[in-house]
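Next up: some structures, all given as structure tokens.
Both complexes below contain subunit A, partnered by subunit B and then by subunit C.
What follows is the complex of A and B.
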């Protein structure tokens, strides 16, 4: 590894200016837990790392809006999010998923914005946040925009973020009336990256599924919303047959991939099982008030 | 004044906290990784990207021109200084840097030296090598007959007495074949009520010591000092002296604590390279491997084991044929010895009249394989205990009962003809059965979660014949040092050996200081391997302490003191030398008796100084929809003679079992064209806390090794033996499918379930 520059801007604007360059060796650095692995293996050789932990502290703040939606600053560490009473109140699924997300050391260092911007399809938060209908705020040289988490990923380790564009905030709407579950499946050690992640959110009215959000990750090239499976659920009764139909649809639409964690075929079979189980568990868990 | 508290009894058998524990947890322990020496150069290695090829050219120009680079060195440069730069414990087959050919991906081809390791690493990227690709061979069974030949000629080292017969064969990948013939297997198979034949495979895995290999060579005036994380300082000294053509006393090998070894740091690894480089550049040279590089340095043998048994209708095994193929990778390391030493226990701890064994060590174009916690035994037990279970199931006999009917009892001859002695096989089996409540009703689960249980037992012969020497030095104030070259790599040997000294001398263990291995200071020891230290070094240490005690008694007698009267050791010295002066040096040298197996029949009446027995029982839960296996309960039991330190013994048992659990469920070196595609801890998954069985028990059975120090013998490997087959047997018990290849992944279980449902 060559020498590289480590810069620590004191404002978001300054950071954006530093990152607005054609040099592919310039990257934003928040917790570094993902980037350091890439540097270690030689996948990424930096010329300059723009360290974000010196910018305005508001970008690490966690708050709640009048409409009940949660705002998490992109620089909040995963463990801050995990232990935040506000997060626990609005979206308890997030801290629940954190318990098996990497390990304490990683959660203490990694930040939620970096976790999403890294574009790694094996992460746990993208399916969780997408199922919760979350969106992100991104600020770049051309201004500010809002992107739904489900639309953030363009491919394997790719996002839709442009040059110099940084995530500033994760917004999770009120979950009142929704029941959500995340199931992570590892096929090697328990602390391995998932072979499959399935997140579901259900809104059930009088025993009928009014609305649902189904997400799969890790087994696919990028976070994938299972829209035909959701269509199977819409207006259907909450029974095992419905869930099985949704699982069939999920398997048909999700393009699973082979890797050391399992064959594509096996992951599709796992997807079937996990969609059914996640729907069943979401139903039995019941909606948030 | 008494510095040393008298301690009349109870040093042995007491759970003395580890002597080095405080140092370690407060970060004060020395490790080779932390050592720097003024003027030191760092080494980075340029490695082969091809599995088998002839070296056409190596272009080091650009690397050498990079600012900050001291030098770039290839195998040919080494050859100018050391004419025959090949090393290895069993065969002198491994070049310090590749010469003429490369034989596996990751083989060191050239090195860059620089004061800054990052500069050296960058320069390595600038080296260009060209190879003429040769056909590779990766599979151990294919290697028996393949056209691809890894080594043109075999080069046995002659270091080990029992490998002397390995002749310089040509055009073969068989580094060593071991055969055993006892009784008449053909007749027994012909007359058998039932014949069972199965094939089992195990995968290539790595030791993953959390301290990767590291060595530092420091040249001096006619001497070479090597600081290294090694399990065998004496062997390193001998081998470096041989390579250099020097007398041994000009090579000094110093070993601090190790961050794990498990067999990875045995014999000679990086030491030859750093010593040659230091000799060439006349500066201290340090090489610290990354975790990733370790996957290309030493691994555990993948195996194929074909096992065939003749069995009577009431479950008595009358004959067994074992054919074992060991995938040794590109260099023999200690593989040939594994082939023989483990090979002869392939039929298992059973009393079988007619036995034949064919065991082959094979060269292939994979990273080299050597010893890993069990020395080949876990691969064998995996096969024979899976096989035992299949026989029991087919005959409708309870698997525990079938084992009882065939178990090898003390006084009965083992397959080699050696009579079993101090081998509590039956006790281990019965201990597991009792703890598992084997005869009680068992909840088999419902729906998609089914439960099952399995047991397995195994045994191992200690390696032999090997030597250990120890020195006990009593200072004039009565305080005591123990000098030995046993390496404490985390197993607690310093503490256990100090307990032996303390028990013998009647002093407190905690007051003894153990001197770390340093070949200028501490005497010879063959190596810290194969659970041999407690027995071999333990005996030497006890002899040394006894020798010192005898001298104290003589001193007392010469001073006219009556034995048993109330004098202190320090009083003796003061009286004898007129002041606090002098030493008493006790020396002990131990080598057990041994008879090398007959070359034609493989038989010997004295094949091992002691036996290690271990077994495991598990209860598992299988998710029939996903194939996931959860270990609800694991019971390990072992015969280790009398435990010197029960607490350390228990951690040795649990550590060994959890390590083998990883080799059973999650670990596998994934290969693509000879390249390891998961060579990092991010992608090669060793067990974490959440993978440890929910309930885990470790039992020490009541036993005594009469020839061992205070009745003790080795324990480091025993709990690895039964883990893999016990789990496969339990999966079979739960869901009716049999897996014959490790690791037992959820996908493998899932596929087997699907295949079964289609039948």
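What follows is the complex of A and C.
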């Protein structure tokens, strides 16, 4: 690796100013786990890394709003989120997914903002958070905005974040009445990244699906919401035929890709199986109070 | 330009300082100080051979910039027998034969210490989950789980003695 500078601003505004530059070698440095891999493999050569841990105290807190929604500071480590009793109460799917996300040491270092900003389509939290209808707060040189997690990704390793824009918070609405499941499938590829991730959330009223959210990741170039599959579910009874129709729609809709983890065709077959399985499991899991 | 910076930190409980390059990892830093317990194997955060504790929290030395250690406390496997006596986890690994070549052992030992600090009596599943990011090419996994349970029992006995 080549020499670079590591700076540690003590306010968000200062961090944004440092990052608001034409120089592509300047990047925000959160837990560094994604960046270090890119630096070690030569994919990214930094000129200056902007540490975010200097603004940690105000941007790592986890709290709950009056309306029951969860607010997670972007600098909270994945371990903190995993072990937070508040997160466990509002959105138990998040700690459940953490158990199979990387390993204890990576979770100790990586932060939820870095995780979402990395843009790797194989990651677990984007589909999970999108299925939970979560959004993020982003602050940049032009001010602040809210972005739904399902709209955060522009492509392979690409987000919609602009120059100097930083994620500051993840907001997960109350999950009362919803049942959610996340399944991933790894195919023993050398890198062990999943071939497919499927996250679903269901709201069932009197045996009929009132509302649903279906996400696919890893098998597609970026996190994808399966809207035609959701349309199949709306107003339908919770039975195997309904779930099969949704799976057919999901396969027609998702643009699966060929890579080391399997062919596009194979991933489409996996998708059919996993959509049905995830819907069935969400139903039997039952809604949160 | 290839310059170096001086960092001061606490190493295994003692004040320490070192001259480092901007791109040094914690493994590079420790090697420059002739501490070889944390060693790089995968270099990607997967295998745990480079495990160290930064302010008491387990991280991969291979994915941690040495610059981040400035002003903080770094603990390596070499801290465990500073009194001249092996730690209960180290002793349990020997008694249960929880290694062959020993390359992965410092990482496993530090991870097991972390687990037992939080959970005095872990189940097999909890041990497996916690150690999922540590790889042993000699496949001493059954013995490592036995050693972890044995160390836990010793530490519980010592705590109530």
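Methods note: the second predicted complex is superposed on the first by the 285 of 289 C-alpha atoms of A that agree within 3 Å, B and C clash if a C-alpha of one lies under 4 Å from a C-alpha of the other, contacts with A are read in each partner's own complex, and residues count from 1 in each chain.
Throughout what follows, a contact is a pair of C-beta atoms (placed from the backbone, for glycine too) under 8 Å apart; a residue touches a chain by one contact, two chains touch by 3 or more.
Treat the numbers as computed from the prediction; the structure is a model and nothing was measured.
Once the two complexes are overlaid on the shared chain, A:105 sits against subunit C while remaining clear of subunit B. In the superposed pair of complexes, A:6 makes contact with subunit C only, with no contact to subunit B. Of the two partner chains, neither subunit B nor subunit C is touched by A:54. By the touch criterion stated above, A:37 is placed in contact with subunit B and with subunit C alike. By the touch criterion defined above, A:188 lies against subunit B but remains apart from subunit C after alignment on the C-alpha atoms of chain A.
Touched by subunit B in one complex and by subunit C in the other are residues 1-3, 37, 192 of subunit A. Put simply, subunit A touches subunit C in their complex at residues 1-6, 32-33, 36-37, 39-40, 51, 79, 99, 102-106, 108-109, 192.
Within the complex formed with subunit B, the residues of subunit A that make contact are 1-3, 37, 41, 185, 187-193, 260, 262-263, 266, 269-270, 273.
Residues of subunit C touching subunit A in their complex: 1-3, 21-23, 25, 43-46, 48, 51, 57-60, 62-65, 67-68, 111, 114, 129-130, 132-134. Residues 118, 121-122, 625-626, 662, 665-666, 670, 677-678, 680, 682-683, 685-688, 690-691, 745-747, 750-751 of subunit B touch subunit A in their complex.
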